[in-house]
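Next come two complexes built around chain A: one with chain B, the other with chain C.
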Partner chain A sequence: MTALSRMPWIWSFLAAGIVWVITLMFTGGASIVGLTQATLTFAAFSVIVGTGQMFVITLGPGNIDLSIPATMTLAGTVALKLMGGDSGLIVPGFLVAIAIGLGVGVANYALIKLLRIPPIIATLAMSFIIQSAAIWSNRGLRIRPPEILGDFAIGSVLGVPNVAILALVVTVLAYVALEKSLYGRWILAIGQNIRAARMAGIPVDGVRCGTYVLCAVLASLGGYFLASFSGGAALNMGAEYLLMSIAVVVIGGTSVAGGDSNVPGIWGASLFMFLVVSMLNTYGFDAGFRMIMTGLIIIGVIVTAGGRTVRF
Partner chain B sequence: MRRLVSADALRVLVPAMSLAVLLGAVFYLQPRTMSYTGLNLLFNLAVPIALATLAQMLIMAVNDLDLSMGAFVSFAACVTATFLQSAPLLGLLILAAAVAVYAGLGVIIHLRNLPAIVVTLGMSFVWSGLAVLILPSPGGAAPEWIRAIMTVRPPFAPMAIVASVLIAVIAHLIVMRSSLGVVLRGVGGNRRSVERAGWSVVRVRAMTYALAAVFAILAGISLVGLTTAADANIAMRYTLLSIAGVILGGGEFVGGRVSPIGAVIGALTLTLAASFLSFLRISPDWQIGAQGAILILVLAIRLVLNRRENKEKRA
Partner chain C sequence: MKFTQMLLASAAIAAAAIPTATFAQTEDARIALSNNYAGNSWRQAMLTSWETVTAPAVDEGIVAAADAFTTAENQATEQAAQIQNLILQGYDAIVVNAASPTALNGAVREACDAGVTVVSFDGVVTEPCAWRIAVDFQQMGRDQVAYLAQRLPDGGNLLEIRGLAGVFVDDEIHAGITAGVEANSQFDVVGSVNGDWAQDVAQRAVAGLLPSLPEIDGVVTQGGDGYGAAQAIEAAGRDIPIIIMGNRQDEMAWWRDQRDANGYETISLSIAPGVSTLAFWVAQQILAGEEVPQDLVVPFLTVTQDTLDEALETTPEGGVANVEYSLEDAQAVIAAAQ
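Right after this comes the complex of A and B.
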């Protein structure tokens, strides 16, 4: 039991597994490949943006990035507009998306630091501005992604969707950064006690700034591929990732109080969240009932898996 | 100069000044708003936002955050436009049950030591789902009495302003003057010392959540009184608006430092910001962005004023 309690991510995988089995029982195993592929694909986007959110939440109480959906939208919109369907411009488009992430991250932290605004309000205010920029740059037309990029985003290797592989790479890098690098130790230390971290000589501001930038870059990466995957950017394409990014982090076993993060759990939680939706769809419930069930299941998972003792 | 304003007064003074400046700017841009009808139009939607902001403020006073506020106000609005209108008794029962659910949430969050953000995040799905079940498509009708209350035209000042002042005073009495208010802010400030002083923290938290639910339900009811109909997404933006309102009004995320009067002023400021932008004739593309910019600007001003105050204190 002690070994289990050291692996809080196990619960999210367990829950995802149970839902997977229940869904397949209903369909009689007919859609086993389709369901698994769809789950991996859609979970991948949650994993990419959720990982960024996890780093920010690890920084400690009050740290949260609400600008993720707007950043995704802006990055996806501007990148697709720049590429204009031309396969030769895939790399510049990608770089522009990443640059947007860098800019948003720096702007977010500048507000937090210079104006001493709580991160939740700073990123919220920032997201309004980014969303406006996206509306302004979008101007109606839905531009298709370059063919190669679109094919990549919906394609798969040996049955594993490309975006899932991409998300896995992000996860592995995040795991290494968090568990094996100095940077990872620094954010955990800041999340546990920012004052002690500062006194220990950790460059607190640099690390926090870097973390907000990292989160925004992952959001723009997610937006770039989500827009390519869905055949064009839409102004509301990031909307559902506001709650999703927070939900997967917390269900995955990362502490909301900060200083304790969990990379594998994000995968479990992302798979779980998508599977719940598709299970309820398979059973043919209508929209209202589906939402109620989703909510109750989220709370149920938190009540069973959460509730750890607080350090004083 | 030093003793002139206490820290608590300053907490309200800065938001009040931001509101005054913004109002002055609106009057300058559009002098015709300087009338009974003009003010009524400007602050038309302020009452529900103010009530929702107070609900959020109560939750924030015990160091939690309610991410389901918008969904819950929408749910309350849907109940108001359907059951409360056609079968008042059943409607009241449903709303009372919702208050009980909120109290229960407070208990669960406390006993299982759960992050309120996540629990309310889950609840936002539940409330939205219930709202969709009640009103699958926009519709319903406002009960006569609430329509009458919301459209009454008191002498001197329009309803929205009179109601806002009234709400602010009542909330102030509950949160700053009553014993429950003191204890609930105490829970936000130092939970352990409240516990050691013999209070049951779980009871205080349950009552805080229940009280917040009452304010949020009033927000939903008053919103229907203004719009005369409801839909399941009618108040979704209230989640973020209410948080922004509390912060604009001088409240803080931790430590039980909140100000009910400030919260109402914050809500009025947010309402006014939208009108201000339309008078500026900013392109619709940038309306939301400009709202974000106003939020940043007001907080920047607050920072400068707070710094000056701190310097004076030290001097």
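Right after this comes the complex of A and C.
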């Protein structure tokens, strides 16, 4: 049990595995390749934006970024508009998306720090501004991605979707940053006790600002590839990822109170979130029942995984 | 002889005076658009159409103002508050695309009591004092199955993509599809997902369900979701079934590419965003004192194999096939309802 309590991410993988098997049972296993590929593909987007949200939540109580969906939308629309389907502009488009992330992150933290607005309000207000900017920039017109980029986003290597490989790279970097670097130690310290961290000489403002920027950059990265994957940006393309980004963090075993994060759990939770919906769709339940079941299953997983909080 | 001439002349003057008379009575009138959501291409086209048609109407002095207001959060409570503000600001008519058919009834009643004309469209309200410009969404569902029955006389397996759960429009189209499938028992709905009228949500949901489904012969949709379904089915390496489209440019462009490549045939139907302009003219007519029935029906816009190229030419990239209505169109719709 002590071994398990050090690996709270195991529960989300276990839950994902169970749901995966139940879904496969419907076809007697015939759907194994199709379902697994679809799951890896769509989980990848949740992983990319969920990782950013995890860093922010790790900063401690009250820290959350609600501007993720709007940032994804703005990065996707502006980058695709700039590229205009021209393969030669893939790199500039990518850089513009990243620049949008940098700008949003800095603006978010400026609101939080300079105007002393709580993060939940600051990032919500910011999301209205960003969403309006996305509407204003091209009135919701869908422009196709350059062919090379579109092919990359839907393609796969040896059966593994490219976007899943990309998400895995993000995960590995996040793991190294969190577990092996000074920055990781700093955000854990801030999340556990911000005053103690300040007294210990940690550059608290710099670290917090950097974390909001990191989250926004990952959101814009997710938006850039999601728009390329789905054949163009749409004004409501990020909407799914507001609650999703928070859910995968919590189900993945990261403490909502901050100071205790969990990188592998994001993968388990992202796979699980996609598979639950697929399972309930496969068995043909209607929408109302599906939502109730999704809610109950999430509560079930969190309660099971939450055994570790006993140590407090 | 002279008398008849005079009679004819005065009749001609009277006839010529009619349109100006209907304008003259509304030249001081201010009309507001209360809109609950702007976050997709359909709503953007709806707002653009409103602007395109009402701006000249204001310049020509037909009405004094035609301002559009959109709430930020797509909440009925927020829209109710917005309508109350519009009453206080003294608008003569409020044109509403409602977040809920019933939750705004209190605010709409207040508007009527204050002497404000309320015209609802697309998302209509049930409050009896308001006018309703509705689409027969059930018919939209039945027509889809009827088209498939004609293309696939032997029937087959259908995948149904629904809209946003709990919204009136989703229930109506679904009821029409269910009725259509009951009438054509050679069809089976083997799977159903909620695509929320959004391309990426539909793609995600279909991709998750598809591996568990048998061969699919037709996909019935609600608009905005057809391209997402096509992409998910293509990605899974399956044969492309007949996917009913919903007039979005990306759906029609994909359809054209498929047609050019392998003779793909389907049909596309949806409500035209320009229905907001019809609501504007109906409100203007009511303010001008015309007798207008409370319930009006607007036909949905259908794009067929023959009209595909034409529809694509007039639809902006990433937009929605659209028609904007004139005063004459509105008068024709009113006359048809009487």
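Throughout what follows, the second predicted complex is superposed on the first by the 305 of 312 C-alpha atoms of A that agree within 3 Å, B and C clash if a C-alpha of one lies under 4 Å from a C-alpha of the other, contacts with A are read in each partner's own complex, and residues count from 1 in each chain.
The criterion applied here is as follows: a contact is a pair of C-beta atoms (placed from the backbone, for glycine too) under 8 Å apart; a residue touches a chain by one contact, two chains touch by 3 or more.
It should be emphasised that the depicted structure is a prediction, and the values quoted were computed from it without experimental measurement.
Novice: Assess the superposed three-chain arrangement around chain A: do chain B and chain C clash, or do they fit?
Specialist: clash
Novice: Mind working out whether A:128 is in touch with chain B, chain C, both or neither, as first, second, both or neither?
Specialist: Once the two structures are laid over each other on A, A:128 reaches both partners.
Novice: Go through the superposed model and pick first if A:298 touches only chain B, second if only chain C, both, or neither.
Specialist: In the superposition, A:298 touches chain B alone.
Novice: Just checking: does A:247 make contact with chain B only, chain C only, both, or neither of them? Give me first, second, both or neither.
Specialist: After superposing on A, A:247 lies in contact with chain B but is clear of chain C.
Novice: In the overlay, answer first, second, both or neither for which of chain B and chain C A:287 touches.
Specialist: both
Novice: Examine A:142 and indicate which partner it touches, taking first as chain B and second as chain C; both and neither are also allowed.
Specialist: Only chain C; A:142 stays clear of chain B.
Novice: State whether A:61 touches chain B only (first), chain C only (second), both chains, or neither.
Specialist: In the superposed model, A:61 contacts chain B only, not chain C.
Novice: Quick check for you: in the superposed arrangement, does A:120 touch first (chain B), second (chain C), both or neither?
Specialist: Touch partner of A:120: chain B, not chain C.
Novice: I'd like to know which partner A:38 touches here: chain B for first, chain C for second, both or neither.
Specialist: second
Novice: With the two structures fitted on A, what stretch of chain B runs into chain C, 97-105, 223-231, 241-249 or 259-267?
Specialist: Stretch 223-231 of chain B has C-alpha atoms clashing with chain C.
Novice: Which residues form the common part of the chain A surface touched by chain B and by chain C?
Specialist: 128, 131, 135, 287-288, 291
Novice: Within their complex, state which residues of chain C touch chain A.
Specialist: By the definition above, chain C touches chain A via 38-41, 43-44, 48, 72, 162, 165-166, 191-194, 198-201, 203-205, 207-212, 227-228, 231-232, 235-236, 248-250, 316-319.
Novice: Per the contact definition, I'd like the list of chain A residues that touch chain B in the complex.
Specialist: 61-62, 64, 66, 111, 115-118, 120-122, 124-133, 135-136, 243, 246-247, 250-251, 256-257, 287-299, 302-303, 306-310
Novice: Considering the complex alone, what residue numbers of chain A touch chain C?
Specialist: Going through chain A, the ones touching chain C are 23, 26-27, 30-35, 38-39, 41-42, 128, 131, 135, 138-143, 154, 226, 230-232, 234-237, 239-240, 274-275, 277-278, 281-282, 284, 286-288, 291.
Novice: Any idea which chain B residues touch chain A in the complex?
Specialist: 65, 67, 108, 112-115, 117-119, 121-133, 136, 232, 240, 243-244, 247, 252-254, 283, 285-293, 295-296, 299-300, 303
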